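In what follows, structures are represented as structure tokens.
Paired with subunit B in one complex and with subunit C in the other, subunit A is shared by the two complexes that follow.
Up next is the complex of A and B:
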């Protein structure tokens, strides 16, 4: 049986196509999200790659910020529950999930069987999210993927004290024009996100094992600094930003069976 | 045949009359007061004074989507966007009197800081700008489980001063016999209100939380009046009938029972109601309307001081956690929705620790969302819906897991 999970975030669209709830047939990421052509393109590409049509897919579950607006879905489940399901499949011992997406950050407590027992989300603000890193990378004139490597070269990480993205942007510009090195500013940016998100995790209560999901977990410096901040090992999800789509595809398989 | 009077119709009539009467009184040259929402109304009711409640008015303005122009007016006059939105609405209204539901300007104001301290500066501002007298009942915060004897004595001395000031303002003597009657009536109404709230312990609950918020306005504005008792008598009859028929307030049934913690998000109340109803989540109780259950022995001034001191925001962590724990048990709750209200710093101050305590003691699922009691700009519908759906998913998963466990335990094999 073929099922699919479509995770429509604010900045990207992710699809995982599964066979019999086990084998990943295809996985696609398109870097535009809700309200764009991204979800439809990602879905079409994911089934075209393996020569399937919509009729071949027994059930499709949509998740993420844009989940209610995807016409091809049979059901919608929140990204909180889908990330927990995806993580349980990949790393069943995990009890704490840190999901940093494009527009929000979440700390999720998972019990046995991958069931969510509690979660905390950031407040209505871009601080500590992927969007914050995007804005800051643009000021540093680097690709977001290169932020970790640049931050690793810091000698005296700068302090970015503003949590508001707009204010932090001016703060970073003034630090750069004041002569602070790009490396130190990059490290300050990483620390700012880590500090903000670690606060959420501490409020939830840190329980081993801890994993990070979402696109931001590709930034190895954030993982490293998060470990330091929480004083506990933090893993990166092997499927990073595809974890939620995997969870949705698994739920689709389980409900269609 | 005349249509049967429902409690909802009666509530609308009483609320309309409340505001109309205030205007009529003003036009007749009688004194009109403004009071904070949990001011000891027994004193002004005894003096037969017309009083309106700016917080209730600001909530009505916000629910009718009229808040934004007043908020912008206040901000353009220099009030910070970080101030309480009720205060901003009211301070702007004081200047422009531009609202769909108008209230007359006050001749005196009554302030009790048992719910927050912003009220003091807000009311001092009104008193200064309009050059009118202000009566303040200053209530110390209860760091212990109960008010100290010194705090009780202090509050009682303020009651005496309040009476003296009211006599000066009105030029009339305070009638202690009438005071006793008002206290008796206020307690009867509080008991009836508590009875109505407790009827929602039934499964399924006969009333949804947003209706509780609406009926609550009568307790805010007229809890010392006879007609309030009549309203709740009718409401109780209706609720008892619904319970006897096993009727849920949702057509598709009640899938999840939660408590709403904090003030309503008035500008988005329709959205909140629809989103909750769509998920089958019912607000069966709330810390908000409960605040107007004020029970004491009529005539016992120590108890009167205590009850006005023990308002949720003015009590210690342990007392608040015990109350919530009791509600989780009595109302058979699956979860609690915490409104992280940008306007109400005093409420947000203890919220996270309350969540931790109550979740640890009861295992109930917790969800919090960002919003505001009256500023429509501080709320995101999509975020609210995601959190609500996630809560529903957690509750459903927990219920299925519990059911499977029961089946396994009952399986003779």
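Up next is the complex of A and C:
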């Protein structure tokens, strides 16, 4: 039986196509998300790559911020539930998930059988989210993927406010105008995200094992700093930003079976 | 069934279109007094022959009120002031504004300047409310409000008027308590929005009329056997469960309301005005009798136990904390009852709400995730 999970985030669209709930037939990431052509393109590409049509897919579950507006879905499940399911499949020992998405950050407690037993989302502002990193990378004139490597070269990481994206943006500009090196500012940005998200995780309660999911877990500096902040090893999900789509595809398989 | 639908439709119409009720009041030449959150002595207004009208903000953008409030003031005071500045409340003969929290303290002062056409009637409750001196003090506050209302209405308010108003209000409280108990057995008919509208409509109607309608509704509901509910049930706590779209989301994701601990809903009617000889003293003593609200000084923090008991007795699957964004009073209480509920293994959702924000997608994710979590709970 073929099932699919479509994770429509605010900044990217991810699709995983599964066979019999086990074998991944295809996985696609398109770097545009909710409200764009991204979800449809990602879905089309994922089935085209394996010579399938929509009729061949027994069940499709949409997740993520744009889940309610994907016309091809049979059901919608939130990314919180799907990330927990995806992580349970990949790393069954995980009890704490840190998912930093494009516009929000979440700390998720995984209970028995991969079921969510508690979660916390950020509130009040966009600090500590992928959007924050994007804005800051733009000011530093680098690609977001290069932020970790730049931050690793810091000698004296700058102190960046971790309370507000808008104020932090002004702060970064002032630091750069004041002569602080780009490397030190980049490290300050990473520390700022880590500080904000670690606070969220501590509110939930840190329980081993801890994994990070979402696109931000590709930033190795954030993982390293998060480990330091939480004083516990933190893994990156092997499927990073595809973890939620995997969870959705698994739910699709389980509900269609 | 037709009668039931008609009753629900009437109450929903009032809750959604209070202006029409207010226009009717104007035609009848009955004066109206605005009563802002959270606790106003509506009985004194009623005894004066006036209609107390609840002012609990609304879903609107802030364009004027930010002249007076910083961005971190709660949207309840911001939107109420905004509507006042736009002239929405110009038909009112006055507005009673208590000073329960820092935002409300500023709100009253701001109202005086920003909405001068609608008379500001201040009210300061005592904090140490269990002391006899507090009762005496609050009685003097209520006496002052009574004098202001007598001046506005041009006629005295007798002890008998006050006693009768207290009876009307206590009967209304009893009726709404009965409704909330019955409602949990009819979750398909009494959806979260329907439940909210039944209670909210009381803020814009004569309490006698509202009591009659709710009593009829209870009678109609009882004619049918209790409804089977396959979804989950939750207890709502906080100031209020608005914007209204969030209650629709509860329904969409199979969540019914088993009970509530909302300032806009049950906290208004779960405690009767106590018996006594002097009606103003009875009203003042009411403030000492109420329990379990973030605005009531309670060094023991008994709200945590009340919530746990409420969730257990109503057989709720979880508790949803409807926290008005920037409501410090509710935020102070949250970690205390969170600990108690966690110890009792009662799932808790923190839902940050803002009346002035039109986008509710993050709220949707929280509600749906919570519904998924409690429905999958082993």
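Throughout what follows, the second predicted complex is superposed on the first by the 255 of 257 C-alpha atoms of A that agree within 3 Å, B and C clash if a C-alpha of one lies under 4 Å from a C-alpha of the other, contacts with A are read in each partner's own complex, and residues count from 1 in each chain.
Going forward, a residue touches a chain if its C-beta (ideal position, glycine included) is under 8 Å from a C-beta of that chain, and two chains touch if they have at least 3 such contacts.
The model shown is predicted, which means the values in this text are computed figures rather than measured ones.
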Item to complete: Check whether A:142 is in contact with subunit B, with subunit C, with both or with neither, and answer first, second, both or neither.
Response: neither
Worksheet item: Regarding the shared-chain residue A:65, is it in contact with subunit B (first), subunit C (second), both, or neither?
Response: both
Worksheet item: Touching A:121, do we find subunit B (first), subunit C (second), both, or neither?
Response: both
Item to complete: Examine A:52 and indicate which partner it touches, taking first as subunit B and second as subunit C; both and neither are also allowed.
Response: neither
Worksheet item: Do subunit B and subunit C touch any of the same residues on subunit A, and if so, which?
Response: 65, 76-81, 104, 113, 115-121, 123-124
Fill in: subunit A-facing residues of subunit C, complex
325, 347, 350, 352, 361-362, 364-366, 368-369, 372-373, 376-378
Discussion item. Residue numbers of subunit B touching subunit A in their complex, please.
Written reply: 340, 352, 356, 359, 365-366, 368, 370, 378-380, 382-383, 386-387, 389-390, 393-394, 397-398, 401
Response to the item:
Within the complex, subunit B is touched by subunit A residues 65, 76-81, 104, 113, 115-121, 123-124, 203
Response to the item:
In the complex, subunit A touches subunit C at residues 65, 68, 76-81, 104, 111-113, 115-121, 123-124
